[in-house]
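What follows is a single structure, and I will ask about it in a moment.
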Amino acid sequence: MSGIGGISTLADHKRRRIEELTARTSEAGGVSLIRDAGRRLLRNPTAMVGAIIILLFLIIAIFAPLVAPHDPVQRFPELTKDLTVDSIPGATAGHPLGSDPLGRDFASRMIYGARQTLFVGVLATFIGLLFGVVLGAIAGAVGGWLDVLIMRLTDVMLALPSLLLAITLVALASRSTQWTVIIAVAVVNVPIFARLLRGSMLAQRESDHVLAARALGVRRRDIVLRHMLPNSLTAVIVQATLTFAVAILDAAALSFLGLGDPDINRAEWGLMLGVDGVRYFEVRPELAYLPALAIIFVALGFTLLGESMREALDPKNRR
Amino acid sequence: MPLLDVRDLSVVFQRKGAKPFTAVDGVNFTVEPGQTVGLVGESGCGKSVTSLAIMGLLPRRGNKVSGEVRFEDTDLLKLRPQELRDRRGRDIGMIFQDPLSSLNPVLPLGLQVAEVLERHQGRTRQAALREARNLLDAVGIPDPTRRLKEFPHQLSGGMRQRALIAIALACKPRLLIADEPTTALDVTIQAQILTLLKQLVEESGTALVMITHDLGVVAGLCDTVNVLYAGKVVERAERHDLFAEPRHPYTHGLLQSVPRLDVDRGGRLHQIRGSVSDNIPWPEGCAFAPRCDRVNDACIGETVPLEPTFRGGALRCTNPVPQEVPA
Amino acid sequence: MVRVILRRLIQLVVTLIALTTLVFFWLRSLPGGPVDALLGERATPQTRELLTRALGYDQPIWTQYGRFVKNVVTGNFGNSIRTGEPVMDVISRSFPATIELAVAAIIIAIGLGIPLGYIAARYRGRMLDNATIIVTLIGISIPIFFLGYLLKDLLTQNIHIFPPSGRITTGMDNTDVTGFFVLDGLLTREFDATADALWHLVLPAITLATIPLAIIIRITRASVLDVLDEDYIRTADAKGLRNTTIRKRHVLRNALLPVVTTIGLQTGALLAGAVLTEKVYNWGGLGTLITDSISGGRDYPVLQALILLAAVVFIVVNLLVDLSYAVIDPRVRVQ
Amino acid sequence: MRASRMQAKRLRTVITAGVIAALTIGAAGCADSDRDSGGDEGKAATGGTFIFAGAGDPKNFDPIFNDDGESFRPIRQMYDTLIEHKPGTAELQGGLAESWSNDPTGKIWTFKLRQGVKFHDGSALDAAAVCANFDRWYNMKGDAAQSQMIYYADVFGGFAGSPDAVYDNCKAQDPATAVVTMKKYKGAFPGAFALTAFSIASPTAMKQYDADKVTQNGDSFAYSAFATEHPTGTGAFTYGGWNKATGEITLNKNPDYFGEKAKVDKLIIKVIKDENTRKQELRAGTVQAIDFPAPADRKALAGEGYKVLDRPAFNILYLGLNQKNPKLKDLRVRQAIAYAINRAQLVQTKGPGGATVADQFMPNTVLGYAPDVQKYDYNLEKAKQLLSEAGATGLTLNFYYPTEVSRPYMPNPQEIFTVLANDLQAAGIKVNGVPRPWNGGFKDDVQQFGKQDLHILGWTGDYNDPGNFVGTFFGREKAEFGDQAMTEMFTAIGKADATVDQAAKKTAWEQVNRDLAAKWLPAVPLWHAPPALVTTKNVEGLVPSPLTNEEFNTVTLTK
């Protein structure tokens, strides 16, 4: 039943799922859980695979300038020389993966792609998380009409399928830039994070150590900041890990629909796949395959880690 | 000959990653037809595992079950899963601790009772339901006809437990295993359920294995009592003997820790040091030793055997509680 | 239940009013817009004025809003800027296409998802289980427009097994009764049309089904595993019931509860997936309509209607999920 | 390929079987099929169905209310114009009028009409009918209707009562002679008479389905039954229906067409918006011809034996320079930009097959093309030098480019922008790219408000007249190029456009083009890109038109 007369019970179901997840990941809360969750993670091969993929991705992203042979936006005469709209030169000396549709070094663009993709994913996730967490925290800590208001808001947002919401937002944006995309993708996640945090804060509120703290007369602000938030955040972190994957996929989808980041100078995997990859698929399939594989791997990495974190934090799996 | 004869039954949990753990360690006991036998011990002493092992309800993977469980003349452990299924619910019924979680939340009560009858007595749904109604009536559920259509969450705790009993006894089994049937219930209800059980087994001459940590229950119900500790039977005796003169320090300790109105009022309630989980520093020897106040060198080192007592019971102790010299 | 339905309807109305107003003013605040979209490169300034006047954009915004509301209330969303026909016609034409596609996808997702999920759970930890999990994870991680793109390239270009796009072969000249081509074919006994329509449906449906399928598999697996450790399953075992009975009556029935919810959630997600799938396969449905209304020239009248429609569909789906939920879960029913 | 299609067929029949099985349950109450003889794939030398894949939905079928190629494609087949273009060229020839003439003032146009021509509704085409059309346009009532007559407003200046209206009256001297009188001469004539928008429609039909009824509804317009269901012209094909669900426009052979009768019985125009999908359908053999193949696919398709037909380039892509920006007001800076751009490389790397570098704003087929204009070949040093002379080093410019659009002259704006920006950066000009959706603000910002410093835009010619190119761009004050009176340029163009004598006209325009390049340089011409058509091997007789208005009556399907 939809709590306070929600906009839609699917939203409620989503919400319920989120909250039960929260309950699981944060009810026992506390350091001990996190510690032995960590222990269980280290023992879990899938988690490790995920972690390794992500680590690799981060390294490439951070050290792109060192790894990449060239500047990703520079056009090279030796590449433009035999570049035409219907044939794109392949591997040559100094250009291991050959050219992209504009005579730029494809290898370098793939490598810098890690950086841009990370940028988009992280920002989209973080912005969503930030607003979500703030809203959720307010709702959870203050409660009352503010809580009701915020929850109604999230209900409305949950009522539209995520990508559809993103598309609409981009369409309704007066100008299209990389930020339009990032924000569109981010906004979609705000309600999820808000729900999540609120849910787990409520769970926290009833938990023993908070009750104890309250009994000891600790100030409410301190209870929220020192006791409730930290524990609730575990759930949020798990969600964030999963969100990252979704974020880069959505960004790619937007590019494919021609609603993505318009600056094709920017080397971002979603953009490379959604625009050049598709357009020049028959001329040079690698232009699609490589970014696609990269995206799949990274998304997979984050999903693997996220899922196993969730499992690990789930008290049901404690032994 | 006994109805149920359990011979050095052992259950070893082998989970990957963890080292094998012996939950049940060479348990022996018998149940005569119509007799009520108690398995008593603190939680974690392996009594529930024993019952599941008898029913063959332990998951195949990760558990090693050895020994014999003779029901009449067949060894249940040797049966193929399918044959075992045919006996479960027909020859042996079982009642579980938590009546709510033990009933399927999405099926109407009637069906949950009826399906046993359909399965073992090949009745039609209608016939089964009719019988189910009578059963519910028999276990004292008011307005059974209506209840048939209701769902577990619509019943009170006591009702649910009654329903479970009805299910367990539906096919008039010769043996009923009750695993802590009252622990999840309010004290007031507990009494009702116990009397109900008692009455039912007496009427139908069903043998009952009552698994509990509650000596009160035992006192009210059992003919013979087996006290388990750390997966071993440490003392077996007739109910009266056990309560009159516990020999094993552990049994003694248990009885001491039961609040009593008649003796030493105001005196502190006795308690047993530590808990079962204290792991034993020595591989062989008495597992209770670390907590025992009568411990001596003999307890440690070689295994302590379970020796028959002259009163037809049995005892596993090197230094039992002395009994008053019979006058 | 009646109360639930009533509440939904009220919610629906409220949401719609809020949305329409929001959308109306937002769209009016954007640059470009209808005038820009209606005029080609050749428009002279004079024509521009004419048009602005003709569309009443010279009048105060509130007058415009009033007119807009009056129309909407009478179910008139104006005419499409791109094609000039009434928005309602455009939508009611595209709607069946998407429904046809979505239904096909859902059938695949459920038809394969629940069994596979169940099997995976039964063989927990074995090769099969692990394989399923990996595959589903990949299914979730792959950009589905790319998957669709590959399928299309492989099965329509390299090997011509399936048609590359559209809902029916050009020139098939099938009779349009309901707008659901498969159905129409049956109704009018044009079986070749039905076959052809089904034929066109295969690839898009598979593409669209990928994500829901993966998710349904995972949820089913998880929830079956949960149910398997439930006490009532032990009880059922203790009753000596046959394995089949236990699985059908006790395990599956309970395991399906969360799955139903998921399916509900996924139908929502399908709308989003449809946008991508329909673009890949040039499927003349709502998805295509959305993309066209945006990139094909900011067709605001259509966009407005679509946004409202999305809300309606979504709330209706909720209702259905709730009802189905009530059917299989007695605990909900009594509340 | 054939084999695999057989395979597909077989699989289909399997499915059909299944369906029929499923049917026995639910086939009780059934609507009856009202279709004619199913999907016939006639492959005879003549007859059969020709399926052409277009790139977008038409708006309606009333010529005068349209201004885009996708609407004109079917209209072309159903209507005729007084004057036509020779197939494959932009030169004029007789259409409904066997011949035409104008008086020395260029104001009075006399059309000798072809005899015995009938509209699809059987009514006769005579001078009265022609005049009825001219009068209808001139006297069109209502903002809604008028606002949709883009071409009319452009060519004929305005409507009844408007001071700058060009049209005066039309007299039917005799049934075979129509005399149209203008208030003033316009260079657009006679070319403009060949515009598809000015096709001659049946007055009877227009009255019957009150063609003039255009009603505003919400943010758009509803058109009359004439425009949507009963288009009636004299063309080689008659209207057969528009299935919007499948995006199929069906046209049937007009057996009593006055000209060369259609070889195929049926013409289906199938709307497929995605260029990639058009190609794939062509390969699948479900369509016989596609318009605007993706430039990247041309080579592949040609290699597979499809016919790639290039239309003679009749368009222009240019880089607009907005003189609202004081820096750009300096000719040297504009020239520097011209030198800084490596057009040869642009055309080679990004130009659609057959594209050529443009050095002026009209293709060489148009009257007044000057071979000897200043060329501005790529010269980085010169560019830098000019910039420093102008004291415009470290210049930063806002470069507006459109997104969500693909035009024949501009298949991929983002790439073109990126290349140009790259070149300008090399010359030391900082470029600040501003992407705007084509209909979501680009046209507004660029043409209405002139917010940009630089922008890319282009044009496809409508008829063979320099005014239609240069005149449209630079003939009057436009925000696009800096809203200021460039008096010299305007007057020069105005004079050239007003010249009636062809020879004088030619020289006048040539001079305009030279000055545009050397003195005014309001924009930098980039390329002429021929849009292509691709057909299957068995399609014969499809003549690509530079104006992208092919007529399909000449098409045959061979085995």
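Labels A, B, C and D are assigned to the chains in the order they are written; within every chain, residues are numbered from 1.
Note that in this section a residue touches a chain if its C-beta (ideal position, glycine included) is under 8 Å from a C-beta of that chain, and two chains touch if they have at least 3 such contacts.
None of these values were measured; they are calculated from a predicted model.
**Q** Averaging the CA atoms per chain, pick out the one whose centre lands closest to the mean of every protein CA shown.
**A** Central chain: C.
**Q** Of the chain pairs A-C and B-C, which one is connected by the greater count of C-beta contacts?
**A** Greater number of contacting C-beta pairs: A-C.
**Q** Report the inter-centroid distance (CA atoms only) between chain A and chain C in whole Å.
**A** Whole-Å distance between the two chain centres: 24.
**Q** Could you give the separation in Å between the centres of chain B and chain C, each centre being the mean of its C-alpha atoms?
**A** Spacing between the chain centres: roughly 55 Å.
**Q** Using Cα averages as centroids, what's the distance between chain A and chain D in whole Å?
**A** 45
**Q** Determine the centre-to-centre distance between chain A and chain B, using the mean Cα coordinates as centres, and give it in whole Å.
**A** About 52 Å, centre to centre.
**Q** Can you tell me which residues of chain D touch two or more of the remaining chains?
**A** Correct list: 404, 436-437, 440-441.
**Q** Note the residues in chain C that touch 2 or more other chains, in rising order.
**A** Those would be 30-31, 279, 294-295, 298.
**Q** Note the residues in chain B that touch 2 or more other chains, in rising order.
**A** Touching at least two other chains: none.
**Q** Would you pull the chain B residues touching chain C in the complex into a rising list?
**A** Residues 55, 57, 84-90, 93-94, 96, 98, 101-108, 115-116, 119-120, 151, 153-154, 164, 167-168.
**Q** Give every residue of chain D touching chain C within the complex, in rising order.
**A** The touching residues are 1, 4-5, 7-8, 11-13, 15-16, 19-20, 22-23, 26-27, 30-36, 38-41, 49, 51, 56-57, 59-60, 67-68, 142-144, 146-151, 153-154, 158, 216-223, 228, 243-248, 266, 268, 270, 272-274, 277, 280-281, 283-284, 286-287, 404-405, 436-445, 448, 457, 459, 472.
**Q** Which residues of chain C touch chain D in the complex?
**A** Counting only chain C, the residues touching chain D are 30-34, 36-44, 46-48, 50-51, 53-56, 68, 71, 76-87, 89-90, 93, 97, 152, 156-157, 159-177, 179, 185-192, 194-196, 198-199, 279, 281-282, 284, 292, 294-298, 300-301.
**Q** Which residues of chain D touch chain A once you look at their complex with the stated criterion?
**A** Listed in rising order, the residues of chain D that touch chain A are 276, 294-300, 345, 348-353, 403-404, 412, 414-415, 418-419, 421-422, 433, 435-437, 440-441.
**Q** Quick check on the complex: what are the chain A residues that touch chain C?
**A** Interface residues on the chain A side: 1, 5-11, 13-14, 16-17, 156, 159-164, 167-168, 170-172, 174, 245, 249, 252-253, 256-259, 270, 273-274, 277-278, 281, 288, 292, 295-297, 299-300, 303-304, 307.
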